[in-house]
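One chain, chain A, appears in both complexes that follow, with chain B as partner in the first and chain C in the second.
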Partner chain A sequence: MPAPELWLLADSRLPTGGHAHSGGIESAVRRGLVRAPDDVAAWLSGRVPTAGLVTAAAAAAACALLDSRGDDPSALVAREFPSRGDGTTTGPDWEPWDAAISARTPVAALREVSRQQGRAMLRTVRAAWPHAAVTGLGTRPHQALVLGVATAAAGGTPTDAAGLAVHHLVGQVCSAAVRLLGLDPLALAGVHARALTAHGPVVGKAADAGTTAAGAAEADLLPTATTPLPEVLAVLHARSEGALFAS
Partner chain B sequence: MLHRLDELDLSGGAHDHPKPGRAVRIGIGGPVGCGKTALVAALCRVLRDELSVAVVTNDIYTTEDADFLRREAVLDAERIVAVRTGCCPHTAIRDDVTANLDAVEDLVERFDPDLVLVESGGDNLTATFSYGLIDRQIFVIDTAGGDDVPRKGGPGVAGADLLVINKVDLGPLVGADTDRMAADAARVRDGKPTALVSVRTAPIPEIVDWVRAQVRVTA
Partner chain C sequence: MTGAVLAAARVSLVDGRLTWTSAPPVVLRRTGPSRVHVVAVGGGPLGGDRLRLEIDLGPGEHLAVHSAAATVVQPGREPGTEASFDVEARLAEQADLVWVPEPTVVCDGAVWAPSVRIDAAARATARVVEQVVLGRAGQRGGRCSSSVHASVEGRCLLAATTVLDGTDPALTGIGGTGGARSAGTVVRVGAGDEGEDGGTDDDVFWARSPLEGPGSILSAVGTVRGVARVLAAETVPRVAVSAG
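The block that comes next holds the complex of A and B.
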């Protein structure tokens, strides 16, 4: 049984600003590259094992850096990263992990999107999990790091963090496809479900890579992969007029 | 017991007063074409010399409202920010206010304003702001949109801190009875104020004074 608070992190109703992002698909839809549910599935088959893998591995690593393996995340985080006396805890040095994610996100437009969403999620995490080890993340961290920290605070594992990262990428794309193309939401629920099953191995791979990197304290061990077309489309999207989604 | 929607009072005690020393945030909502942007422009023109003002717009799919305000030069261009709402203007002002909060916080950090106006994307009669985003909200309706709208009530008409019935000059042309609109509004609004105006053709001192009063609370 997963930690109960993890359901909250899986819920798209958690107010983290995700509803205003399309996972890159708006730019593809506008160019006629994605028109039907099968196209959405194909888009995900390109994106999840690449950019999705990187994000999921980074989230898993962030979670592993704080992994408490117990029932009281706050106590165990405090044990691993001693209390400062003012009630705050110190945390890992996030800078190398932040830099590693930037290095694996080729275009500036998507680095900015990641930081926008990280800032938003940080606000939510502070409200929902006040004990979360957010110290040192700064004001605009990459979203994957905040997701990993939130997962640890909610009592989850690195595999949970990787799974959540993939779930939200898939969910963002599917829900945007419904709104942009008027597709049948039931058909897209099917696409979402099948994508989570099909890309289960990506979650496992990301969790392993993230845990290994965290264990070795080597951010450079995070996986490296992307798909060029969505990166280019993301740049065009950021420059476009009349876009409905922020990305 | 379930309340009828038009009996819900959004302003009743569930949210804090504006915080002293902090910019007052006023949300301006209402259906498409009711005159939200014209109201924002009018407020900026009158108040910009006495208050530091900034604006966030929530166009549904363009930056047209923000562009209009910049073109009209009601404020310095950098004090007007547009956010994208992913096809869901009401989500962005109520259920997940993240994008708007980011925009407001950036404006506050940059300009330390007295007043931030957050204009929603045109939506429907149920679209209201979360008090997690704003301190007070104005709901705008259009006389030409039907004189039965106040009678129908709904969260915007019944619950907003100020209801603005705009374009009353069109009443005779479209067969709308503005006296009846005012009476119906009074009936569902439980003492909260309603202003009948024609933003584009006449001054709006009552709305300006109401906004001033909200800002004064925190001064």
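The block that comes next holds the complex of A and C.
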């Protein structure tokens, strides 16, 4: 049984601004490239194992950097993070991880989206888990790092962090598709469930990659996979007017 | 992997002196004062081949590296065995590299995993132009995972692996290439004034985005001709591509 607080992190009602994003699918919908539930599934099949894997691995790494029990300061001290004298710890140096995520997000508009959502989630995390190891993340961290830190604070593991990242991507795409195309929510619930099953291995792969990178303290080890059309569409979306979703 | 080729060629331009070492099938020819062509000798690459090109530029040096013909990647004796071509460039301060190979065709059954790594010192610049074509005429094309890694003064600027597979419904679908036969990129390192832009035509979708740091990436996906047209236009700065 996962820690109950993890359900809160999985809840789309948690105020993190995720509802304003479509996981990139709006740009494809507006060009007539996505019309039916099968197209939504196809979008996810291209995106979850590539860009989704990268984000999920970064979240897993952030969680692993704090140990799976990030709320225990002694665990951090044991991992040789400097203590600040007042009993709290400074946590890992996030800068290389922040840079690694930026380098893996070539589209400037998507980096901005990641930082906006990271900032929004950071506010929520500070309120919900005051002990979370957010020190040093800065004011506009990438969302994947905040998700990993929040998962650790909620008692979760790197696998949980990766699972939450995939869950949010799939949920964003499916709920946006319902709103954009007026599709049957029941049909999309089916797409959503089948996508989570089909792409379940991505979660384990991301958790392994993130944990390995964190263990080696080497952000360069994070996965780098991407696919071309969604990246191009993301830029075109950012340059378009009248979009319903920010990304 | 009997018969697989392992070859590492080198070229360096330091203190105005161009030196190179060919390693067949990666054969280098000097074709200008600051230009070198990679001349493929023999067929291939084939599955199992591990090819490599190292480039070293000293302070302030400029070198353009081209290839003489399209690279056609064939599956070889054991289909599904990966072939690779790793280009590694070290650029000293204010050095400038242009790497513009002809397009690479990944035939049915081939697995191609090329990489380009640029390590740039302060004020060094690079432009990397690459185009992949999935299959020859009538083919769906094999698998390709093309990596680019660029750093400036030790800070990672870009790390991306574009995955394509002509036989994978997920990667030829709307979340991959959208059924397009070709994809290409223009990566600029060190020159940060390329702004966001993009457009669509009947035969190509393309977009350019600044990176977080000095550099930009242009991606194009479409027909062989459409992608080639966008890449050619991007290679000549400040010439607008017709956007529909």
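As a convention for this text, the second predicted complex is superposed on the first by the 227 of 247 C-alpha atoms of A that agree within 3 Å, B and C clash if a C-alpha of one lies under 4 Å from a C-alpha of the other, contacts with A are read in each partner's own complex, and residues count from 1 in each chain.
Operating definition for what follows: a contact is a pair of C-beta atoms (placed from the backbone, for glycine too) under 8 Å apart; a residue touches a chain by one contact, two chains touch by 3 or more.
This one's a predicted model, so the numbers in the text were calculated from it and none came from an experiment.
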Chain B and chain C placed together on chain A: clash or fit? fit
Check your understanding: Is A:200 touching the first partner chain B, the second partner chain C, both, or neither of them?
Key -> neither
Original post:
Touching A:120 in the superposition: chain B (first), chain C (second), both, neither?
Top reply: first
Checklist entry - Taking the superposition as given, does A:220 touch the first partner, chain B, the second, chain C, both, or neither? => result second
For this session: Answer with first, second, both or neither: which of chain B and chain C does A:232 touch in the superposed model?
Result: second
Rounded to the nearest 10, the angle in degrees at the CA centre of chain A toward chain B and chain C equals 120
The answer to whether chain B or chain C touches more of chain A is C
Looking at the overlay, does A:244 come into contact with chain B only (first), chain C only (second), both, or neither? first
Distance floor for C-alpha atoms, chain B against chain C, superposed on A, in Å, equals 21
Given the complex, residues on chain A that touch chain B span 13, 15-22, 116, 119-120, 123-124, 176, 179-180, 241-246
Listed in rising order, chain A residues that touch chain C in their complex are 28, 31, 33-34, 39, 42-47, 49-50, 99-100, 102-109, 111, 219-220, 222-236, 238-239
The residues of chain C that touch chain A in their complex are 145, 147, 149, 155-164, 169-171, 173-178, 180, 183, 196-200, 205-213, 217, 219-221
Per the touch rule, the chain B residues reaching chain A in their complex are 60-63, 83-88, 91-92, 95-99, 101-102
